[in-house]
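Each of the two complexes below includes chain A, the first together with chain B, the second together with chain C.
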Partner chain A sequence: MLRPQRPILTVSMAPHVHCGRTIKGHMGETIIALMPAMVMAAMVFGMDAVRVMALSCAVAVTTEALCNRLAGRDPAVDDLHALLTGLLFACLLPASAPWWLVTVGSASSIGLGKAIFGGLGATPLCPPLVGWAVCRISWPKAMDTNTTMLGTTLPDPLQQLKFFGTDAVASLDPMALFTGHQLGGLGAVHIAALLAGGVFLLIRRHIAWEVPVAFIAGLLCTAWIYQLLDPAAHAAPLLHLLTGSAVFGAFFLATDPASSPIGRIPSLIYGLMAGVMVIIIRVYSIYPDGVPFAILLANLFTPLLDRIRPRPFGGPYTLTQEKEDQATCVKHCG
Partner chain B sequence: MNRLWKEFSKGLWKDLPPFKIVLGLCPVLAVTKTAYNGLGMGLAVIFVLTLSNLLVSLLRKAIPAKVRIACFIVVAASLVVCVELLMQAYAYPLYLQLGIFVPLIVVNCIILGRAEAFASKNPTHLAVADGLGMGIGFALSLTFLGSVREMFGYGTWFGMELAGDWYEPFAFMIEAPGAFVCLGLVLAGMNALTNWQRRTRGLEAIEGPIHDCKTCGLCATKPRI
Partner chain C sequence: MTDFSFSLLTGETGPLVKGARPDRLRVPLQGHRPVLAEGDQVLAGTLIAEAGDDRGDMHAPLAGTIRAVDRFAMLIETTDDGRAEPQAAPSEGGDILRRWLRSMGIDVRPLRRAPVLIVNAVPPEPGISIHDPLLRDYRKTVDLGLDTARRVIDHSRLFLVAARGNRANAFADCTVVHVPPVYPNGLDPLVVRAVTGGETLPGRHPDNAVILSVRDLYFIGRVMETGRPVTQTVMTIAGQNRLVHVGTPAGFLVAEAGGGVEDGDHVILGGLMRGIPALNIDQGVDKDTTGLHILSKTRAFVPVDGPCLGCGECERRCPARIMPGMISRCAEFKQFARTETFHIHSCIECGICGYWCKARRPLLQYIRLAKYELALLRSAIVPADTPANDQGRSRPADTRPEKNDA
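After this line comes the complex of A and B, so read on.
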């Protein structure tokens, strides 16, 4: 029983003109933006990557349908959000991920990340990252590309940087990294393909430019400061940008519509915060790639950042004025 | 006798401490990594809660109303020191496992909540029945949560191997976030069960939280002690 996408006749209150954008359209175009990275993943990692992506999407959609049924709601799988979540989650996994890990992670992305909080638009955290965090805490070995993909000749720059220092990554060619010749999340390492998808999303106005720009700026600046402090111990800013899931996070995860702030200044602060946290986690913590945890942390600040509001038409109207108004109201009424 | 049974049995299901009136969450989240830890903690709480209810009820005429909270805490603290010493003597491995959470029973909300809301207003035999019922309910809940987390997180139950070698332990469940997620899911399950029961009896389902005066005596302007 699917809902009709475009009602033929509606009698409703104003406004009567609709811009034509739908949730389905938004999610569909985000999936199209992911297409280049998916194709690259299939080319570089072979059928393993296809297997992980297909399983993840199937589990996500099934879980979504199940949760909708349990909650007594209309089935909402046709808005494609579950499909997109499954795909984004798969992009963060290594291509060697076993089937049970994909199943549990994808199910918890939808179940714990989305359905529990009330479904689409009510998620305080980016759903695929919730699934990723559950898997990363539970099975660190299976999530580690370096130990599970011994057969490849591709380098894993962030692991090498973490355990062998800057010398190990000095010989890596930035161009090779840019075109995706590295290990990591199966869809998250194809920097060039992801950039193409990100630009498509920006042109189609599905994401605001503030979040990715601030994210990348925060990441580069922090890495640059660390390199100024001690060039021998910290890698170059460009390397940090071109490795791991930095670009993927900037364009696809941090811009999740429900869990990122709305206004321009809040978005800039949010992106900066996430970008700075990426480098701090990469430098100090046990996790080689800090992007998912950095974005999860920044997500938690979203309700706070959303308190920074634009000045309404006919302003200026500030919070202090609001208090004064309340005081005068109390004086007059009470 | 009827009243006695009523006060005893309400702690077992109707006012189940961690899951129905949501008190004492600190040990619920912290020590339920395994079923054994949960049971040990639960037994300690049964001991402290029953005796603290007994003493508070006996002393309820003697305690001045203005300093009653301090008096309840002193009673609970003395009993907790007893438990701590007993554990060190007879269950030292368990004591090492529970660590700081044994002394923290003093500030457990259930102890203070039952002393304030029940024992300080009721005769001794009812207070003991209430403390015993609440304590057993708490211990069972802790054991249940500990079992769930241990089964998923280690693949064992009370140390017994349940799954074969193929099982990859779901370590998320025994970490701190797993405790919160697990507790939340159990609470959701309890609410769903309650609503299902109400619907089968032809009552309306409860939406959203309800506030009643079962566990909170703060609004009472004149305490009856």
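After this line comes the complex of A and C, so read on.
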């Protein structure tokens, strides 16, 4: 019986076929979806933007490799998640960001956002946003586009709205905003390009429609309610959508697989919460753009929302513990 | 692997082909107790192993000599013809008939008294068309099987469930229910739901209904017709349906179909979504094997031990509305009791989650492992034949306090 069998078969469990998708493919295609925005960033902000993106990606990948080593894991750099995280983080930075800011932020995205929670899939918060929050809270000046990009003629609508009121933004042309003529995160302001990328992700089914749709709906409705309450003090819903990182957040940050809920109803609630929160933060807080904080807050609700489940097939059931008594003995041993 | 389709349409199927006689049979034993030993001579139809439950006894498919017996199989070297005497069926129905069928090798677990009988004619998996030739060319036998089943089940209503677009001729006084021709609609729990509207926990019998497949009816009919036990199965091999002796080695079937197996290939007994991998090409087919597939190293899916991304793709596709990703995470870290909070018992083991998982995790394998470990955990007695290290491994988990389950 022990003589080797020929041919030697491979034995693996069902299913024996697969749709062919991989994590690397998912990350790769998300990077492809970011391409238009990256090209636009390079065109509008020039080499500055390229510098920030390249540095951020390099730091993210290096940090990931280091963390893998420290944790004694197999290197997971080739799944492209670190590269994507670096890129997403760079998109949130102003093109003028100094090298140390990019380095610290990108390293904390991977280190604090991903590695300490156990790596890919275990992140309770969207990793690039963790890096962003670290930088935004620690070095608000350096993250501020208004103070660091003095040499440009581009408007920064959210800063103007915050500090000069609705009149200051009334003259902005939505079309110009749509094509990215504004200041903000170097990749996050190219609304048209991001929208194209988002549609690509939707068509390739890398993200589900629930989160972006609910996010945008929540944002528009809340902005509309505020405008109804006081048209003089609050900007139009469309302006809120076309500024800051709203579209970027809806398609690329809020949809992060690990930190967003799964299931239709939880996803819708999550998207709505994030969208509503964006406007509330924009209206009441000291931060002009509420998107990153709104998404981080919504991320915190994910475990709760994940508890909203449909009834399982055939109803919930638990196997009862068998008692160790005479009857069981007879049943088992005859 | 991407040319796989979930469609259950079978199109035109040819006639049922009778397989040739292999010179060795490896008859699988599933908890059967062998009644004959090495060296014994058997005739075709001689009882060789008794079933421990209602699964049905095992009989020698062909005459020959028993060469080896182990826990999982019995090796028979076939000689020339020789058949055991046919037996007369009892004239009574009910339990007497049921016991007789059991002794003739029929799996009588589903046969109970119930007001409704559901006949499942939907292909169980894509690429398996075993029901078609039986319904078309062996109508008489299937009808006889149906009459026999009625004597046990005593049903008042009869339903035939077929995939929309597949040919299925109704029986007398039966209601035909069509389901969309997409996998997993042919699996029993979903077929029962299509008829009764109620959901039954997978692995349980529905409350007021009995479900039998066309193949089950055919074999019951065969037993009644010939008075000989069932020792065959119907399999779809390369699009052709074959009547194959139980225990025929996979390698023999491959050669018969004109194929070849190389090192590293996967040989799958059953369909591609749920089938069992053969350990070697000598492995014999079982009574419930429905197909045979050979996948080359490059075409087959081999799962990897990667982390779950949390993308929810598996959950979106799961027909049981549970979270395979979370169950697999629990099972991965041996938190078997916790899998119940994610409703592991609702899983119908369709394999769809594993098909879609981007992280290529062995989801169904984790689920089956967790179900098995749970059964051990909740049972008062560890089965005597569990290897010693197995007990040590599964036992401590139940004493670990469950923190995270509210």
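Here is the rule we use: the second predicted complex is superposed on the first by the 302 of 334 C-alpha atoms of A that agree within 3 Å, B and C clash if a C-alpha of one lies under 4 Å from a C-alpha of the other, contacts with A are read in each partner's own complex, and residues count from 1 in each chain.
Quick note on the criterion: a contact is a pair of C-beta atoms (placed from the backbone, for glycine too) under 8 Å apart; a residue touches a chain by one contact, two chains touch by 3 or more.
Please read all numbers here as calculations on a predicted model, not as lab measurements.
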Checklist entry - If you stack the two complexes on chain A, which partner ends up touching A:S12: first (chain B), second (chain C), both, or neither? => result second
Checklist entry - Touching A:V104, do we find chain B (first), chain C (second), both, or neither? => result first
Checklist entry - Of the partners chain B and chain C, which touch A:D173 in the superposed model: first, second, both, neither? => result neither
Checklist entry - Between chain B (first) and chain C (second), which does A:V134 come into contact with in this model arrangement: first, second, both, or neither? => result first
Checklist entry - Which chain, chain B or chain C, is in touch with more residues of chain A? => result C
Checklist entry - Which holds for A:R21: it touches chain B only (first), chain C only (second), both, or neither? => result second
Checklist outcome for this item: chain A residues touching chain B in their complex are 100, 104, 112, 116, 133-134, 137-139, 142
Checklist entry - Given the complex with chain A, which residues does chain B contribute to the contact? => result 168-173, 175, 177, 181, 184, 188
Item to check | In the complex with chain A, residue positions of chain C that touch it | outcome: 1-2, 4, 68, 189, 199-202, 204, 261-268, 270, 272-282, 293, 295, 297, 300-303, 306-312, 315-316, 319-323, 325, 340, 343, 345-348, 351-352, 354-356, 358-360, 362, 364-365, 368, 374-375, 378-381
Checklist entry - Across the complex, what residues on chain A touch chain C? => result 1, 5-23, 25-26, 118-122, 208, 257-259, 261-263, 309-325, 328-329, 332-333
